[in-house]
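Each in structure tokens, the structures are laid out below.
Paired with subunit B in one complex and with subunit C in the other, subunit A is shared by the two complexes that follow.
Showing the complex of A and B:
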């Protein structure tokens, strides 16, 4: 069939930030597929140059309001990797708990507010609030509990206050943690089952394309905070050698730097993590995957949203585990015995020229921060590789594979399927500018 | 009177301000009863162009954004700057103090000419702003934003304190960060209160996200900072973390 299609979606809605999709089909032949990022460039790496090293987490948190804890964590881990600092067991438990909370918060926001409206054929969550108030209230309740947990531990979401190099400047009270624990358990018993019922009833578009799945992997747990870089195609890479797997390229049609692996585009994020680490999910999350019909490996990118639902159940279970562990050990103020170097500590400890890398799983995939620190304690160089940037080339490959199979459908349907595809990846444009409208030109 | 129509707009930012507004869950439902949201890109795929109140997040950092804010100002009866990026330029202004060409080149290499980028500026550097909802992100988990919008809808002037963060910090009974066993320097003495001294209450320093009080005692503060061990250059960097624009007369 020969057909001309020009799709030009300007500012794809319900993604975090500004992006366009451009598709050009001439006489049934696909000429152009582009995912354009039109957000203003932000230059965070340049901003870091010349700043005192412990400021980095406070500055880079402001790359993105959705994964602020993720950036803070990657930043702290890069600094600690450079300085040879090993934080206390308590710090690790607290950091892991806030990271789980942020991932859950982001997933809930994405699958309930940004993805679900597609299945109810409404433009946004606002009409849903009138037609399905129970669904929207549940979503808000789940998001709020995650936000509250970040707040009691880290002070605020976004832009955590108390997370600093080698520790926390403030710790939650046991009463706050007990209260959070109670709410988490209620959520697992009352809000998770209807969430699973809803998402099990949705029909996700059928489409499969196998790609290279990349995520952190850790022997002891479903990896978020720590792990080795694992690729289903190229094997394992140490975090400090991340550049062997990840290469950033400036592509003319976007202000975000695209990252491509040396061999071919790859996917990061919830589905990649699920494909690689699903046997380490907590029990209710495993049951959730079964209920949603998700089994590893899965090659349908539309099911990233389903993987997010599964992960959010895991997040709740993990928070319960981590908080119980903190309560069992008892919390103590470590600000004096440890270094806890706040961004604007009056005096910086002496440092020697060093460099380090932090690799952390954030809602949309693996995030890298790399810093060089000089003898004077100032950052001399920085690089941040963002999950959405890593996914861009893979999304374009998916669109290239998908478009020819749906050319016989009406243009509106093609557009919707493409928008849904891009939304499934949950692209974070704030983050990657350092993306989304569909333009069929 | 019919419900005022509200549009949300986002410029150079982390979009955290919109998120804070979105997470105002129950309060948001009450507000939704009083206003009609016609443009909220993050939450909706319907883009209305018909609005009376524009709520704007983010700083201006491209020529294109300057054109857009002018168009928004023409349409909106009331313009509210939401968050530090919109109010004082925020984190985006750090780069204003470096060589712009070098910065762009360091990121985009020989493709530097293709990227539209100018010095980052707050909204009121280009158009008149009627109200400010301060903070990075908007303070007290968005409570203050809801108070401001509620006051505006009732035709009242929102109350914004004009005394330093230190006052609220003392009221909360915090140990001053300058006097800790391992001291942390703080912008609380010159920053406008209203956040209940959020950061010092979590054991860290105020980094000035609400902007300066009117007539800040910068000389005295400079002495405090150098007394604690910061060089003049370091103090400047501290101010410039979120308040880079103060040096051009804000």
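Showing the complex of A and C:
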């Protein structure tokens, strides 16, 4: 078919930050596909150089206002990897619980506030609130509970203050945890079923492209906090060898670096995790996947949103499990026995020159922080590889595969399908910059 | 629970945009019935912040096309009547969207009054311009008047 299409979506809506989609089709031939990132660069890695190592989690938490706990966790894990510190069991339980809470709030925000309006044919959540107030109220309720759990554990939402090297400067009370537990159980019984009914009724666009799916994998649990880097195409990579799997590259059309595999782009995030680890989901999450018709492996990127719904159910169940475990063990003020190393106030312990890597699953995929620490305790070098940066090249490959199959559709429909595709990845452009408007030129 | 919320909004790293936050430190003790909150650059989270207060006084830098330091007082109803069209994203989810969402959901936000200050410059700067700094006592006075106003808004 000889057809010319020029799509130029300037600032794609309902994504975090600014990005453009540019598609150029001449005489039915696809000439250009670009996902342009137009946010200004942030230079966090340069900011870290010369800072005292305990400051890194607090500085890097500011990379993102949505997954600040994720950055904090990756930062702490990189430092502890470098220094050979093994935090206590209680610290691990609290860190895992707060990470589950953050992933849940981010997913709820994305599938209810940013994705759902597409299916109701409304431009945003505000008209949705007028037509479906029960839906929006439920979404706000779910997000609030997750935010509140971040607040009681991390001391503040979204940017944690109590999470430091080797522990917490402040821990929640058992009464706070019991209250959260009660609310989580109510949410699982009252708010999860209507959420599943809603998303099971939505018709996601049909499109499949098998790619390389990458996520952490752990023998004991559905991996978020810890695991080995698993690729469905290239097998396993240890966290310290992440650069064997992740090659960062500067592209002219984007202020964000693109991170790809050594041979080809790959996907990270909820669908990758689901494809790799779905047998480790908690029971209600498994039932949720069944209800949504999602089975691993699934090659439709539009269903990343469905995988997020499934994961949010898992997040609730895991928080229930982790909090019950904390309560069963009884909370201890561990800072009495072992001083945590807290930010700006820290008296630096003697350190040897060392380096470490933290690899953690955050809402949009696997996140890497890598630091080098000098013998004076100052950071001499840092590298942060953000999930959206890892997905950008894969999104462009999806668009290259998708556009030729939908050329017969009206331009408005092509544009909408492309925007929905980009939104499905839940790109967090300001963090990776570095995202969305569609330019059909 | 306090009866009145004083909510300062803005980014203190962006020059005069920080006025809503910086003025909070000059308010002194407003008594037990008043809660003062630094809303900073909060978006959707403000939805939860606004809940449950019969009266809310918001201070924010507002581009009104007036002389730097000009102060305007308007209600949430007046703000919501303004025609606004812009791309929706969380980075642009601000007070307007929160109030609009509250209106759509019939959320009772009490009476929201906005004290808007015309900025001179909004750029990467950690200080206020002298014109805005000079208006600080007047802005404090306006906030106190609003907090102490006991009459009916009807």
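Everything below uses one rule, namely that the second predicted complex is superposed on the first by the 438 of 441 C-alpha atoms of A that agree within 3 Å, B and C clash if a C-alpha of one lies under 4 Å from a C-alpha of the other, contacts with A are read in each partner's own complex, and residues count from 1 in each chain.
In this text, a residue touches a chain if its C-beta (ideal position, glycine included) is under 8 Å from a C-beta of that chain, and two chains touch if they have at least 3 such contacts.
No experiment lies behind these values; they were computed from the predicted model shown.
A.B. asks: Superposed on subunit A, are subunit B and subunit C clashing or fitting side by side?
C.D. replies: By the criteria stated at the top, subunit C and subunit B clash after superposition.
A.B. asks: Contact-wise, after the overlay, does A:73 reach subunit B, subunit C, both or neither (first, second, both, neither)?
C.D. replies: In the superposition, A:73 touches no partner, neither subunit B nor subunit C.
A.B. asks: Does subunit A have more residues touched by subunit B or by subunit C?
C.D. replies: Subunit A has more residues touched by B than by the other partner.
A.B. asks: Touch check for A:415: first (subunit B), second (subunit C), both, or neither?
C.D. replies: A:415: touches no partner chain.
A.B. asks: Per the contact definition in the header, classify A:91: touching subunit B only (first), subunit C only (second), both, or neither.
C.D. replies: neither
A.B. asks: Does the superposition put A:144 against subunit B (first), subunit C (second), both, or neither?
C.D. replies: Both subunit B and subunit C are touched by A:144.
A.B. asks: Touch test for A:277: subunit B only (first), subunit C only (second), both, or neither?
C.D. replies: Neither partner.
A.B. asks: Contacts for A:123 in the overlay, against subunit B (first) and subunit C (second): which applies, first, second, both or neither?
C.D. replies: Once the two structures are laid over each other on A, A:123 reaches both partners.
A.B. asks: Which one of 93-101, 111-119 or 129-137 is the stretch of subunit B that crashes into subunit C?
C.D. replies: 129-137
A.B. asks: Which subunit A residues are contacted by subunit C in one complex and by subunit B in the other?
C.D. replies: 11, 13-17, 66, 109, 113-114, 123-126, 129, 140, 143-144, 147, 157, 430
A.B. asks: Inside the complex, what are the residues of subunit C that reach subunit A?
C.D. replies: 44-45, 47-48, 87-91, 97, 100-101, 104-106
A.B. asks: Which positions of subunit A touch subunit C when the two form their complex?
C.D. replies: Going by the criterion above, the answer is residues 11, 13-17, 66, 109, 113-114, 123-127, 129-130, 133, 136-137, 140, 143-144, 147, 157, 430.
A.B. asks: Residue numbers of subunit B touching subunit A in their complex, please.
C.D. replies: Touching subunit A from subunit B are residues 10-20, 22-23, 25-26, 29, 32, 37, 40-47, 61-62, 65, 90-92, 94-95, 98, 103-104, 106-109, 111, 114-117, 136-137, 141, 178, 181-186, 198-199, 201-205, 207, 228-230, 234, 237-238, 241.
A.B. asks: Write out the stretch or stretches of subunit A touching subunit B in their complex.
C.D. replies: Residue list for subunit A touching subunit B: 11-18, 39-43, 45-47, 49-52, 55, 58-59, 62-66, 68, 109, 113-114, 117, 123-126, 129, 140-141, 143-144, 147, 151, 154-159, 161-162, 164, 168-170, 250, 252, 255, 257, 335-336, 340, 342-347, 419, 430.
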